[in-house]
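Structures incoming, each one as structure tokens.
Heads up, the next two complexes both have chain A, just with different partners, chain B and then chain C.
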Partner chain A sequence: MLAIFAPRLIRTAAVFVLVTVGIFGLTALLPGDPALALAGENPTPELIASIREQLGLDRPLYEQYFGWLLALFSGDLGTSLYFGVPVGELIIARLPVTLSLTLVAVVISIVLGLAGGMVAAARRGTIVDRLATVLSTIGIATPNFWFGMIFIIVFAFGLGWFPAVGYAPLADGVGPWLAHLILPATALALAGAAELMRQTRSSMTDTLGQDYIRTARAQGLRPAAIYWRRALRNASIPLVTVVAFQVALLLGGVVIVEKIFGLPGLGSLVIDAVFSKDLPVVQGVVLVNAIIVLSLNLLTDFLYTLLNPKVRHG
Partner chain B sequence: MSAITKTEVIATLAGSRPTRGRFVQRFRRQPIAVGALGFLLLVSAMALLAPWLIPHDPYQQDLARVLQTPSGEHLLGTDELGRDVFSRLIMGARVSLLAALQGTTLAIAIGLPLGLVAGYVRGRVDGAIMIVTDALMALPALVLAMAIVAIWGPSLTNAMVAIGIVTAPRALRLVRSSVLQIREETFIEAARSIGTRSIVIVLRHVLPNVVAPLIVFTAILAGTVMLMEAGLSFLGLGVQPPESSWGAMLGTSFRYISRAPLLAIYPGLAIALTVLALNLVGDGIRESIGKKLQK
Partner chain C sequence: MRKSLIAIAAAAALLLSGCAGGNGDPSPGGPPAASEVDRDARLSIGTLSTPATWDAAKNVGGPEPAMLRLVYDTLIEVDENNELVGGAAESWTTEDGGVSYILTLRDDIAFTDGAPLNAEAVKANLDRALTLEDGTLRASLGNVASVDATDEFTVTITQKVPDVTLPVLLTDRAGMVMAPSSFASGEVTRPVGSGEYVWVAESPGVSVTLDRNPDYRDADHVLLAGVDIRAMEDPVARLNAIRTKAVDMTFVGPEQVDEAKALPGISSFDVKGRSLRVIYVNKDLEPAFGDPDVRMALNKAIDREGIANGVLFGAAEPAYQLRPEGGAGFSEAFDSAITYDPEGARELLQKAGYGEGLSFNFVTQPRFQKEAEAIQASYSAIGVDMTIEILPGAGAGTALWYDKTASIGMANFDGRLDIGLAYQTFFVEGTAYNPSNILDEDLIAMIGTQAGLVDPAERQRMHDDMATLIATSPLGAWPVVWGYEPVLYTDEVVGVKPFQTGFPALKGVGKSQ
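Right, the complex of A and B next:
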């Protein structure tokens, strides 16, 4: 197991180093004097000097990078130029909102995607299958924030079932928490659900055509048993990858949905940071996101190996 | 019997590529793809001829008639400044389609040559290119594009360059994996064994075989790029007023969503239908090219 994973770990570490170079390099993209560019509309000499010092702009570039990286490993993501507090604190305060949203979205996406895909595969060629395909095609093509806007119009303003904006922490109870998350999470989940439905359908269709399924059928196993115990298990191998990929996509997709639903998560934070040119915050959020995505990729590889004996013993 | 030329040998080994005629025949047999293509052509024509098609000046404000519902004079009503929504939607098609074209072109312009090199040369060059690609893919595309735009300043060109950069790795990966398959084919081996130079092999024999999957991918990528442009413009990081794309129209409509919900419907529908059509055309092309390439 370790022999399989050692190269992957090393590669992930190398990719991570490159990611940090890239994120650090965002500062270098600033036109002209970065300190001046970051200081905003009415820069005072003190502000410019303090930014220059914070970013270490008077030192050579590689020194700046290693200083930044060293601070990073001790958990110091820098100080927000706008809020004046450590970026790490800002991110930790906002992270639960984004994780809650992503979690609910992933659950919705998996439930809809798996159910839709399995039904479509079982009823292949029927009107149900067609409908599933059409819906998934529409789901993939529609911007998630437009779904969000329509949900607000219909379910918040029209029917009044859910609040249109805001967030309730889990500490207030599961009910209010979920009520605030269900619309944005569904808006976010539909594209992923559509993708998952397609994958599940084709994966199940492939598996159901295999010889051992025919054998199981010939032996008189109940169709439900074949479907759930044998087919789904094998079809689930490629699905693991898709689900992990979905989580990564969702994290990237939350930005505008959070803004629309007034959710105080990482997405709203990064939007505000982009508008106030609060580069340390932007860098911090991008970095946290990259860490989550890289860890997920590694975890997927691991699960894939575990689930698939061919890879495990190959 | 006359001497067989190099090209003839390779052409024979390359097998029968689906001819253009058969491709069109197969494509025409798919009503959904044909319909989607028709829709795209219609939207493109609308965008090109926009200045002659619009019933009203899309920038003409009329503060006495803001947020009106559809009427005979204003087919889709008016927006928050009393401007004709229908005219703005047609002009918006121009910006949205041009933006999608720019972003997609840039992504392919970066991804195609690098993908060809990575896939054909392999070795360290491939390793270096792929590790940078992996790093870029680990970053959230939209947030990265936002950061780049924030740094350069909001404008449609900056937004599309940013989107082109962040989507280029996807194009690169696709090209590379196609090249990896093709380079093992007998006709490539034949070309190599008779001493054809690498650059010639890549341009004359590998590239033509990458084109088909790349076209399918481009149609789908254009949809993705369009969605990203809509997102950036929604936030005010893309096209700047008074010019407007569909995404930017959605952005302003959101502020009036409780008073004029219809305003949020039209541009969103326009985006969704266009992206849908792009995806369906992509699917149609995939179904119409040879079996070998479908994999």
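Right, the complex of A and C next:
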């Protein structure tokens, strides 16, 4: 296993370094001077220069980059220019919101996607299959914020079943926590569920056409057993990659949903930081996102190796 | 003596008086009766963000001082009628025409750490604000020469030149009194004041929890057990929050006004005078802007009514002065040559030698993109080719005022406590908001003179002349529209007054039983 993973770890480390260069370089290109944003009304040029010096913004970019990188390795993501508190603190405070939202969205996505895909595969060629195709197209084509607004109108304003805005931490109880997440998570999940539904249908259709499935039917195995115990396991191997990809997309897609639903997560944090040119926060959040995605890729490779003996014995 | 002081101070008073709107009007008179309110109730508020810093000497202003005022006393306060009233200082006087002010403090105020709010504490705050290297108040307090603790509860502030606007400055961050223990280490990590509420906890950018200060000097006006501030940057999210009663009080943007005011069980009032869209020009980058005829032409071409009603859905008013209509310092006796007149604009451009047209790049913030597009269309009608460049964050301001890479653009002006300060901000030599020093000597002389006028009527007459001047001969900063901030609150919230000092202002506010 080590022989399989060592090259992957090295590649991941190299990608990580490239990502840090990209993050730092792109944020440095953002227009506007953060020192000006911090200087208040009618500041003097001397005040602005003083702020720039205090924040290290007067140093050459390469010096700022290496200083930032070295601090990263000691776990220091810097200090928020806007709030004056460690970036790590801000991220830790917001991470549970985004992770909760993403987790619930992933679960919804998997449940809807797998179920829909399996039904469509089992009923392929019928009106059920066609309906599933239409629904998946709608799900992929429709922006998640549109779904979010519709859900708010129907389920929050109209029916009053769920709150329209806000977040309740898990410490307040599973009920309130879930109630605040259902609408935004569903809005976020639908595109992924639609994509997963198509992939599942395709993968299941291929698998169900295999000889061993025909043999299992001939042996009199019940359809449910064929689907769950024989077909799904093999059909799910490519789906692991799709789900991992979906999680990465979800993490990026939370930004607008968090804004619409007033969720204090990383998406809201990074958007506000971009507008206030709070560079350390932008860099920190994007970096954390990148680490999560890179870790997911590694985990996906690992799961793939476990599920697919061909990869293990290579 | 006190009445004359208030009269003087009223001449230097703050922004507009508010006007109530929506389903219900804010409450007149005193606070609600004790039997009407639930003293154990907490108020949930939706705001744009939490304060970037609770350090009054470093806070950048804008919407944040209103939240700081919940925790800190100010030396002088502004009531709902825009009158200056005593705060931590029960009275103030000048005996030398505005050179020095003597403030008499109340002798019964203590910070929540137990230390007394006395003259030494006030001096420590002001001295710090004057000398803090990265402080944001040094410019506005630039005329203060010294601060002395004359006795235990008397503070004397001496200025370099007479300036009657000092009491107005002391209603905002400059007058906020933090407990000296809170900045003894240099940084304010936890706010300690003597205001209506005590800071309890905070998640930066997310929420702030405040509890009632049981020892507040005016306990009859603190009717809530506490305040929970929730940051919601998106105005639609704030509208949804008040609609579903997830918050008790919030404010929205112009696009949400009509919908918000139609909500059942929701009342509102408008905070005016806190958001002026201003066009700034730099003649050094575009010589055409050095020609008064070109400046007048470009002003005449703008349909301010159209922007206020069409782009901002009526939650705005055309701006020709540095005050919205009805605000303290607004000139009723006002003669403006800036009327919407595209034909006249075209003729002026012809006269100035730009009959063949003019073209330039116009920078602005994302929130003013629609206003910029409306202006672009207006300019196109008179043969002016304007390209819009949207710069996020402080980008537009940086390009206009500091880097000076933009010859024209629009940025926000969040008002000044005194209209004289507003004129100083835009029209004197060397100020950042006049990047190419487009000056009028008469105006500069009037700005200097009005700062020392004690008689309110005389000062107002001079403000009338100043308003007429900038509307007759536009200079480097052109007011376009005043945007309103509609404040919304549920019917459970009682005692709301139309304070124009910003949102939230909770003196006398409670929740019904």
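One rule holds for everything that comes next: the second predicted complex is superposed on the first by the 278 of 314 C-alpha atoms of A that agree within 3 Å, B and C clash if a C-alpha of one lies under 4 Å from a C-alpha of the other, contacts with A are read in each partner's own complex, and residues count from 1 in each chain.
What we mean here is this: a contact is a pair of C-beta atoms (placed from the backbone, for glycine too) under 8 Å apart; a residue touches a chain by one contact, two chains touch by 3 or more.
Everything quoted here is computed from the prediction, not taken from an experiment.
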| item | value |
| --- | --- |
| First, second, both or neither for A:Arg11, with chain B first and chain C second | first |
| Touching partner for A:Ile152 - first (chain B), second (chain C), both, neither | both |
| Contacts of A:Lys277 with chain B and chain C, given as first, second, both or neither | both |
| First, second, both or neither for A:Leu26, with chain B first and chain C second | first |
| Partner chain(s) touched by A:Val286 [first = chain B, second = chain C, both, neither] | first |
| Chain B versus chain C as contact partner of A:Tyr82, first or second or both or neither | second |
| Touched partner set for A:Lys259, first chain B, second chain C, both or neither | both |
| First (chain B), second (chain C), both or neither touched by A:Ile140 | first |
| Common interface positions of chain A, toward chain B and toward chain C | 30-31, 37, 152, 157, 259-260, 271, 274-275, 277 |
| Chain A-facing residues of chain B, complex | 131-132, 134-136, 138-144, 146-152, 223, 227, 230-231, 234-235, 237, 247, 250, 253-254, 257-258, 261, 264-265, 268, 271-273, 275-276, 278-280 |
| For the chain C and chain A complex, residues of the former touching the latter | 46, 49, 52-53, 58-61, 133-134, 136-140, 187, 203-207, 230-234, 236-238, 240-241, 243-244, 246, 366, 391-395, 397-399, 402-403, 425, 431-433 |
| Contacting residues of chain A [partner chain B, same complex] | 11, 14-16, 18-19, 22-23, 26, 29-31, 37, 137-138, 140-143, 145-146, 149-150, 152-153, 157, 251-253, 255-256, 259-260, 270-271, 274-275, 277, 279, 282-283, 285-286, 289-290, 293-294, 297 |
| Touching residues (chain side chain A, partner chain C) in the complex | 30-34, 36-45, 47-48, 50-51, 54, 80, 82-85, 89-90, 93-94, 152, 156-157, 163-166, 259-262, 264, 268-269, 271-272, 274-277 |
